[in-house]
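Naming follows writing order (A, B, C, D and E), and every chain is counted from residue 1.
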Amino acid sequence: MIYLLLAGVLFVIGLHGLFVARHLLRKILSLNVLSAAVFLLLVALAREADPLDAVPHAIVLTGIVVSVSATAVALVLLVRLSRPREDQRKLMDEEGG
Amino acid sequence: MGWLVLVFDGLLAAALIWLAWQATHTPGLFRSVISFIIFGLLMALAWVRLDAPDIALAEAAIGAGATGALLLSALGRLVATHEEGAPWQERRDLYFWIPAGGALLGLLTLAAWMLPSPGLGEQVQDALPESGVQNPVTAVLLNFRALDTLLEIGVLLLAAIAIWSLGRMPLPSAPAVRSPALPALGRLLFPMFVLVSAYLLWRGSHAPGGAFPAGAVMGAGGILTILAGAQPWLTGSVHGPWRMLLSLGFAAMLALALGVMALGQPFFAYPPGLAGLIVLALELAAGLSIAMSLVALYLAGQPPDHWEGEARGE
Amino acid sequence: MSLTDLLGGLLVLLGMPFFFLGTLGLLRFPDAYTRLHALAKTDNVGLGLVCLGLALYSGSWLTGLKLLLIWLLMLVASAAGAGLIGRTAMARGMKPWGL
Amino acid sequence: MSQANTLMAVLVGVPLVGAIIAFVYPRLAVSITAVCAGVMVAAAAGLTRLVLSSGVLRQDVGGWAAPLGIGWQVDGLSAGLLLLTAAVGAAGAAHRAFEALEQPFFWPLWLFLWGALNVLFLSADLFNLYVALEVLSLAAVALIAMAGGGALPAAWRYLLASMLGSTVYLLGVALLYGRYGALDIALIADALETDLPSALAAALITLGLLLKAAVFPLHFWLPSAHGRAPAAVSAALSAVVVAAAWYLLVRLWFAPFGAFQGNGVGVLFGLLGAAAMVWGGLLALVQHRLKMLIAYSTVSQFGFGLLLLPLAGGVGAELAWRGAVVIVLSHGLAKASLFLAVGGIARSQGHDRLDAVGGFGSGGVLPWLALVLAAASLLGVPPTGGFAGKWWLLQGALAEGAWLWVLAILLGTLFTAAYLSRLLAVLLRPAQRGPQTGRPSPLTALPGFVLALMACGLGLALPALERLLSSALVAGGLP
Amino acid sequence: MTEVFAVLVLLLLLNIVVGLARVLRGPSAADRMLASEMFSTSAVAILLLLAFILDSPPLLDVALVLALLAALAVVTFVGRAWSDLQSRQSESARGMESRESD
């Protein structure tokens, strides 16, 4: 089945991207591609089952929400990391109050 | 019609692979982000092809909508987005990656091919009448595996707390051009967002839909209205209602999970006969919290206690 | 096959060329402004025809209403998007082609 | 509704409810955390008693039995780790409360971390474990980043490593689900066959967990994260979070993946463990900061835990099992105590550079006492918990005649002695008054000291430990 | 009729794939954003047709959500991402006009 192969290819692309990408934003994108590949595998497998299996669908829905949350935290961390030091200190000061 | 399906799948797979490659391996951060957004869009089509309309709905709302907004606004906030040189390091490790990646791919596909995937379809079908809903996915999410969902809503709340703990909201870079169309767009579309998410919430018990897509659509609506220049009525203040709304879904599920124990039920076991009602109430609370969390994630920091002046950034 | 079915199918078919024309414009037109112009109109006409055709084909009022709503939403999004992109591009000093 | 169910529900529900209250009403945060800590220590102790009296406990969440629903399962191992979590969680919270830092978000994050750990030790469902791992990582990342400055890159690396780890883990889970149509560990263990998909799934899940446990070649993220985080957070991360990943590894390799044991996999784990001991020990020897030294020591100490896997199949299995678990428990107590003590010392001195930090008594006597006691347990001086653990593990290895692992244990102990002697050298210096303004409350050092006492006292509770960790109280049994 | 629709779905997907060339070539951020907007229109059309081919009404809801959220990406782009990107992208945009005016 094409989608199983697709999941595999996406997984490898995401893994490679995660390890070799220079920019951190791209690492976040790679992680997202990676998790999309896993979700794809789960759902493609669910389709083979008879009757259609709802558990992987629910699992993937949970996984999507979890991965969005992680992505959001990673993005904010990334933005804080990329600020020039001066700016970062200002942010830190604000944090206290 | 078999060949049509095959060609469709092949094209879709090729496009997805190409987009994934674009998103992770080619120069130009903006191009990567756009590629990833389109990747999400096409993933929604892939879910449809795999008979997973629930996931397609969530992907359309969260993947293509909210993640796109998150990525784009983060991109705008990155100060040092200049990328020098190649997007990835030297190619010397290609000698490692081509065989290693190929082997992994081969193993994975072979293993996946061999799987009998017995699945739990029958068990879900059998237990469905007791779950209080007709949509099997909703039944799994909010009844059979409700603990997962509790933790998942916890993750959303946690992400919002984590982001707030990282500091104050960065000043938004206001749109360079104040277009009169923008506020009008916000006013026009906001009722639609409310309507559609209410519809999805209601659909959830018997058809694809439910708290997740509904909350995501509502959250996207909130983001859009903020972008359109609306003053958020929620503040980061301790006394404001936002913290409560953020925790509402999580608190409701926890209260229920622990509350049924007072009735002599085990943890998270719905009293018989009330399951349908409980699931509906949980969906409502969860949907609201999901929407609130998405807006909080979008704002990328603890919002100010008072919006006047501080947040406008001008 | 009833007449409305046939008519619906025909309308859907009729909508297709607009999509291709839009893509052609997207690929061949020289700058962002002209591409904007190509896309904002043709694609939505195409989608409108598809929606209309499918509404006829379905023969249900409710579905028809939903299809109409989808089309209107896409129209709003595309109009607002095109306006915003064009306006912002102009303000940012991106020169239109030929000027 | 049984007592077990109530206790488990309390362990999961109370910290999460506390997290909500601490978030919505920051004023109440400290007091609610104190209440939660008390309740959870009591619940963990109650659950342990219940396990001792009635054996392995199993409950279905929501009344849905596996494979449809999620199961909770408590045996001697998970009870021990729940107790450890409660002790470290309470001590860390107390330390933080006495520090009186103005960071209201610390409390909900701390309680989330605690709740996720409890779920982890209770759950017997592979996907539920995934979600719990994600909650754990996100809370940990936010807590690390709280230190600001140099902790941000450390938090970033930690986030990336743990997201990668969980995705790889989830891929393995997906394969297992496709193969057996179940997510419950016990059900999978019953059905497991040694075919390619299962082997690949085992490899992927193990890889993901090794990344999270920071086992030797995959430890790159740990030292900076643990070395830069606030003291209480470092304590929890080093003592319990790493132990959680180790716990899952052991749990999975004992029950479902036990079928793959013997094909040299155990040896591989043992070699990884030995390498971790040596490498972590070497790097701990060259660190310039106290906290970094202790962080690298975590990499080194978890090598001992991994030695359990090559020894599991043989005649010394029960001894090795008991030894490894006691090492992990006493390491948790000692390491948390070390981090709390060093945190106090660093605060009073304004830094934690090894070459400039003052000797015994600078910044109060109590943290130094804690440091000495914890170091003694870590090294394995009799009669501490660390000694008991190493002794049992060594006896297990001797009983099997596994000389390689005997050598590894001795070598690891040697390295521990070597880097801990650097602490000793600091100890003998004259005390210094730090440049600090506003002395931290002397109470700050108390939680760390209590933990150090517990680490040593573990050696006196051997009969109880022996019973708790007897093979009868291992879910799925010893292989 | 569904066979005809199926062919149309394929053509629309092909349309997207061909349009990807614009994402590749850019050159300005606005061009890429436009292309992505075009894709959501096509994806909506595909979903509508699939809803009829597969006789699966939920797909209409998916299309509805896509249509509703189509505006979000563009507005975020104009409102947030472009403001900082622009200073860098405008140079390349000018560069492209000379390149592309052949």
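We adopt the following convention: a contact is a pair of C-beta atoms (placed from the backbone, for glycine too) under 8 Å apart; a residue touches a chain by one contact, two chains touch by 3 or more.
The shown structure was predicted, so the numbers you read here are calculated from the model rather than taken from an experiment.
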Partner chains that subunit B and subunit C have in common: E
Given subunit A and subunit E, the chains that contact each of them: B
Graph separation of subunit C and subunit D (steps between touching chains): 2
Longest centre-to-centre distance from subunit D, chain (CA-based): C
C-E against B-E, pair bridged by the larger set of C-beta contacts: B-E
Chain nearest the global centroid, as defined over all protein CA atoms shown: A
Chain centre separation in whole Å, for subunit D relative to subunit A (CA means): 26
Centroid distance [mean C-alpha coordinates] between subunit B and subunit A, Å: 11
Centre-of-Cα separation between subunit D and subunit B, whole angstrom: 31
Multi-chain contact residues (two or more partners), subunit A: 11, 18, 41, 45, 48-49, 53, 55-56, 59, 62, 66, 69-70, 73, 77-78, 80, 92, 95
Interface hub residues of subunit B, defined as touching at least two other chains: 33, 54, 75, 77-79, 81, 108, 112, 115, 117-120, 124, 144-145, 148, 152, 155, 158-159, 162, 166, 175-177, 182, 185, 189, 192
Where subunit C touches two or more other chains, by residue: 73, 76, 80, 84, 88, 92
In contact (per the touch rule at the top): chain pairs: A-B, A-D, B-C, B-D, B-E, C-E
Complex interface listing, subunit B residues touching subunit C: 175-177, 179, 181-182, 185, 188-189, 192
Residues of subunit D that touch subunit A when the two form their complex: 68, 102, 127, 130-131, 134, 137-138, 141-142, 145, 148-149, 152-153, 155-156, 159-160, 163-164, 167, 170-171, 174-175, 177-178, 181, 183
List of subunit B residues in touch with subunit A within their complex: 6, 9-10, 13, 16-17, 20-21, 23-25, 29, 32-33, 36, 39, 43, 46-47, 49-52, 54-55, 58-59, 62-63, 66-67, 70-71, 74-75, 77-81, 83, 85-89, 93, 97, 101, 104-105, 108-109, 112-113, 115, 117-122, 124-125, 136-137, 139-141, 144-145, 148-149, 152, 155-156, 158-159, 162-163, 166-168, 170, 212, 290, 293, 297-298, 300-301
Subunit C residues within the subunit B interface of the complex: 73, 76, 80, 83-84, 87-88, 91-92
Of all residues in subunit B, those that touch subunit E in their complex: 1, 4-5, 7-8, 11-12, 14-15, 18-19, 22, 28, 30-31, 33-35, 37-38, 41-42, 44-45, 48, 53-54, 56-57, 60-61, 64-65, 68-69, 72-73, 75-79, 81-82, 172-177, 182, 185, 189, 192-193, 196, 199-200, 203, 207-209, 213, 217, 220, 223-224, 227-228
